[in-house]
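Should a chain be cited, it is by its letter among A, B, C, D and E, assigned in written order, with residues numbered from 1 in that chain.
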């Protein structure tokens, strides 16, 4: 099952290479839908009371190097996998509605990217994780570089993408070294294994944890991207083709945050505690800086991009609250943010098609002829700003609550990001949909096909808004266990007992 | 004479050859300097062979002679080819490949 | 004084015999006009036969001919890599101007000669054999580099290679003399024993000998700062020869590097480890920054070879079984990656008027996907991206380094890899993200290389089976061993065990 | 049916209405949309009455019910259910909200008829009612926040309803952002409550609080102050009030419903709801009372000089909410809530009347241009007069009883609280003056051009609608009333709504006459049973004394206004001339907007600009480019060294050799 | 006697070497090398290496040098200009050489190997004579011996490939010995009109 899930997109992609141009987009969509179907069936069969791995696969892959092909699903990755499935359907279907250059290759790369992303979520072997983590970048390099657009007066798509790749691989390669070091140090001359569970059991000495922690953190923080490490983001986002950006921004950034939960917390608990505040400072800086940038930017993609910086700051902060509620919120928020940012980019794509510009200053008043689009946009914008009542709010609520209970000062600073997000999200919506319509801007209702792509995503947002417990319920046991590996089993109830 | 003397002499020859390669521009002279260096090696080999009292070094020296001859042959072949190609016989002028 | 006929294990030296016979036969074919065209075929036959004999000997571990050679899995694996590379070189040399120029018989005979040198080198356990082998390897290459006599660059590269190469050899020889003097032996085992016996573990005489040997070997493996011949010679030499040189020379030199340092100089571990580690780091930096913004692909690959040599040197630095295995694995992977790249370059330089300039591959993705894919895969693999053998190779190397307490060098590899992305991906970007270069049939542009010494163009070269098939094959192997590395890992592990087990 | 079931129905109906109208915006005929909107709220009101009856049928102690539909978000010790809490307070609020909303829906049914965004309007309006009901019915703090934010959003959506007006969208944004700040206060308060008490549910929180907290412990004070941030932002109290006047950009029914009758009183509700905490933190309660007092005075003074009809009423709203906040903060819960109710009646009415007049003026809201509508629009004028009297607390009207009860309570507490009495009466005087300033300037006198036209032809069509704030031409194809305008005189739903409200404004106060019926106090008693402050209540005599003083002040105020605007119409201008600095200070609304601009908006934008133009470019990109430059520079060095001279290669080789040899020599013994 | 011979031979070898480096004309360099080689042969003899000395004289001074002289005669032994195009080369080259020499000398002189300070052990008669060397070559060093023979073959083939005159070379018109090509800053040479590939 899990193997099928992982490899189905790739298989569809390879077949798609040999299909005629017209069909390949729909074939790819079918592939993405099939993958989603498998993911959903896994969800329905998921045992929510179990904090351990389910559907686990563990086969020796490179025995000489101690690398196993080891996959599994638990509370941490279940919904990220679903998110991947959902967003890829959205991204691929959206692209399929449009004329693409070299479509076979485009969709092939999209589906390769899906396999890689699923792989990095599913991997239970440290090295397999690193491998998929790096592999994710490759298809996006091509998608951004070859299908992206050169910016006038700015870098070409290829240059922007190159920057992105080099930047993000800095972290990844250091992570590779760190992963190997982790395994070797933890094996301590014994049998070398990269299995996360085994390494966790063997433990890593505190002294080594320190530097290894930062190598991993570098990879994850760049991927998110966090403040100061986001230098690749603006150019890459501006160059990227929007269907690819939908999934990129929606899912890939989460892999970084997920990595903290999957790898860093369980394997390097001492360093995690030691550097908790440093990471929190980075997270806060991301929140504030991302927000500030988002409300001064005029390019729609970048508003969304910087808002992601801020959102991932929240997620990181939640994880590094080192409390179960913070981490629960972080996972919920990963899913939420993915579900929000993907339709946001689709909407931006639709707006750009109508107006030919990405500058919010040059559009406006589109709501009149496109009330449905406006409504969908509004819902997405509200979810982006974590409107209470949305699942995003619940996520942020959990995150901030976790932070509040451990580091109250950080919580107070972090929450100011919420106010700023209100401003930039609404600003984006207003500038596009409201106000005067500049001359020469056509306003047109969303097409049926695009609507069919967008509406399910928005329905997901609404559905989760009504019942975020769907996620929390299933993630909680694993998260509890993960956090306990750092705090030594101090459940929040115990902390409450003092009252 | 002590072996040391031979070795120091061979070092001197070796460095002389090296200097020649560094400062001469004619490929022919450079080849000669390479010969110097190989010969310095040979001297060291033979001297050491005497010192340790086995003849492996001497055999080695003979093999080196053969190899030196091969190098010379190939080097001179190249020089002739370059000459035939109407290129200057000056290594400083052969710098199309760089950077 | 009686003559003791040395015992000769003919099975053990059968690969060498096969190569020697092949060399003579190919040379003879050049003499008889009707047989001229058979040279490539005969060469392939020779190589195949040798490979077969080597595989037959797989698993053996024996000293041959009074300790001159040692046939073990390390030697066999390296020889196989060299033979594989030579095979590719023969195929892509079809209609190679250099081969036409030199005569196919001579050209291929020289190639076999070089392979012979490599095979000997991989097995050498004796300073004399070592030195002869390294020259047998080099001298044909000096000639082959210069075989495209019409091109000034070819001659220049031959001469440069010869001069600097001989300088390196002379240094190596001088170092060998010192080692011989210090230990009284020319055999590797004898040297190790001599060091122990004479108590000269950190005697300056021995150490400076090591220094000189390191220089000579570093030169052959293109380690900075002894690398400077590499870009020039790679660029100037006929491209099939470059591909052969890039892979096979490196493999053979690393084999003897391993054997010499790990066996003969094993006792001196403490002294040479840090020095070699620093050299590796310097190579990584110099190679990677040098390759940035190179327009000539061959030159770029030359610099990249310097960097890759730096990575591989790590396998020697740690002086462990894992180090040897990782190095052999990396070499094998490196062969596939490089061969794919060079084959495409061969095709494009015959097809377009841009020579090996990056412009020649512009828009390749749309124009010649069957060439673009191999080059892309090769570049990604060289950059160490996952799902290619390059990733597993780096993984293996880093694992060995970390295990050997050289984590900082592993970090250097990581940093180097990042820099390397800039130039590898530049090629990829040129293929997929730029419109195609000017039409091939258009007027020859006024660029260097289009001078009268330019080779005639073959506008169909990108479709020739003898170019497309090797490229695809190498690329497929790159991917295959990236996804299913286990066979190659076992292959490499055997080599490691044979040296340390 | 239990009270909870009724309450769920109350919640469900407006939501249903909203969704149906939204989804059916293409299919539903206009009228049907209006009817659905109005009817759902009306039925909700009836359901509210159902709940009321259920509650009344129970013992006083048992009149609270918690009920939940499903677990909303529950993990890691947090347990949040989708639950409501039904008790007299919430039912009281439900009734006020649904009742007034029904009437305003009815009014809108007529008023908005020619608007392009009719469906949208009703959908939003219904959604607002749903949100408001969610707010008052929420059974835990999280759901309260949800409702809190929903009303904020509905308010935003309705303020910027005419979304091609930049002034409207800007006002909407302002309202939303300030409300989010309030939300944040609530969220933080919730975190702190959770930290101390381990739950978000009302029942356990209020039960545990007295055991956990000491009086005036910093935690409980902090909780209350954070709650107050939320309350102030929503109820437009200083210093979070600036959004409310701007919110008048929305259609008049919106101002009437959201920005007068219901949403802005949520802060009052919140304080009443969490009175347990406030009584544990008297300091915070006093802060709230003083802010309320300050707001009522500041807003009252501003209302004196506003020339924009709706804005003047908006300031009056702020001022009245100040009374309510003051009331519930000092413990006069039922009085405060009573004032909330009566205010809902008369202020909604005043806005409706104003809307009717503004429609006649073709959206011109400037009272300088208005005159003589008394003749032109008789019904409207009467309604306005009723509302004005109630607002000015004219003896016998609803405002009379409610406002003075608060002040009587303040007097009764004595000590420091006498300040509230004194200034409260001062505020009452201001109220009477500014209310009748409006009435006297708009209604009597010679009809202005529009009024005259109305008298002559009964025609209220105007072409070329202009934005009253900027004077720019309106973009008429977007949800903006077209040439056709609707006034109460010609439109029965508007009339009906205003009529009912006029009746309630005049006589609604009769339910709570001190010493006579006091129905509100009795009904709310179970909610405030645990309050220590509610037990003390002014004697009937004291209350009547207060009423007497109030009556005198009210009449005096009206007299002043009469003197100023009818007898000596030139005096105000003379006063303005004489007191120019004071006038401009008031006209500029005490410079609050400017202060906030300088203190918050500008710094934030400056930081944004700095981040965008300087930091991003030089530090973030600089880091990247710097690395690039270093690497590229190293590359250039390598390439320069690669000079092509074979001799220099040999040199480097030998140099490397010498270096390596040196290393080995040094490492030798 | 031995010391005198050593010093004479050493001076000869060194003088020859310096002559090779210092002579302007390649022809004189070749002659200087011959002096050097003969002196080396003497040194070899002093080191009881009769066969090596003989080989040195026969192979080197005899065969190789003759080849040299031929080639020098063929290509013309023009002297080279004194101008040094590589900045720092003239300064660094001797410096490095001296450093190298010092390092090597230190290595030799500070070595703890006592044998260095001796003339070497007494060796049996026949040490280094052809018979001994020959036996060693065919026993222990059979492989290098055979390999070097193949190497000779390869070198011969190489020389033919490089220097052999071929049919298609007719195309390059012999326009006399070319002047150093005009090649400002490394630009490719402009094609001369008569050249048709």
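Simple rule for what comes next: a residue touches a chain if its C-beta (ideal position, glycine included) is under 8 Å from a C-beta of that chain, and two chains touch if they have at least 3 such contacts.
Predicted model only: the values in this text are computed from it and were never measured.
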Most heavily contacting chain pair (counted by C-beta pairs in contact): B-E
Chain of greatest Cα-centre distance to chain D: E
Chain centroid nearest the full-protein CA centroid: A
Chain centre separation in whole Å, for chain E relative to chain B (CA means): 4
Chain D and chain E, separation of their C-alpha mean positions in angstrom: 99
Distance from the mean Cα position of chain E to that of chain A, given in whole angstrom: 67
Centre distance in Å when chain B and chain C are each reduced to the mean of their C-alpha atoms: 25
Touching two or more other chains - residues of chain C: 128, 131-132, 135, 139, 142-143, 146, 149-150, 152, 158-160, 163, 167, 171, 178, 181, 203-204, 207-208, 231-232, 422, 448
Residue numbers of chain E (touch at least two other chains): 85-86, 89, 92-93, 96-97, 100, 103-104, 106-108, 110, 112, 116, 132, 140-141, 144, 148, 151, 154-155, 158, 160-162, 169, 186, 188
Two or more partner chains touched - positions in chain B: 7, 14, 17-18, 21-23, 25, 47, 49, 51-53, 56, 59, 63, 67, 70-71, 74, 77-79, 81, 84-85, 87, 91-92, 94-99
Interchain contacts (touch definition) - all pairs: A-C, A-D, B-C, B-D, B-E, C-D, C-E, D-E
Residues of chain C defined as touching chain B within the complex: 127-128, 131-132, 135, 139, 142-143, 146, 149-150, 152-153, 155-160, 162-163, 166-167, 169-171, 173-174, 176-178, 180-181, 184-186, 231-233, 235-236, 294, 299, 448
Of chain E, residues touching chain B in the complex: 2-3, 6, 10, 13-14, 17-18, 20-21, 23, 26, 29-30, 33, 36-37, 40, 43-44, 46-49, 51-52, 55-56, 59-60, 63-64, 67-68, 71-72, 74-75, 77-78, 80, 84-86, 89-90, 92-94, 96-98, 100-101, 104-105, 108-109, 115-121, 123, 127-128, 132-133, 136-137, 140-141, 144-145, 148, 151-152, 154-156, 158-163, 169, 172, 175, 177-178, 180-181, 183, 186, 188
Parts of chain A lying in touch with chain C, wherever the complex brings them together: 61-65, 67, 102, 127, 130-132, 134-135, 137-138, 141-142, 145-146, 156-158, 161-162, 165-166, 169-170, 173-174, 176-177, 180-181, 184, 192
Residue ranges of chain C touching chain A (in the complex, touch as defined): 325, 365-366, 380, 384-387, 391-392, 394-396, 398-399, 402-403, 407, 410-411, 413-415, 417-418, 421-422, 425-426, 428-429, 432-434, 485-486, 489-490, 492-493
Residue numbers on chain D that touch chain E, as the complex places them: 643-645, 647-648, 651, 654-655, 657-658, 661-662, 665, 668-669
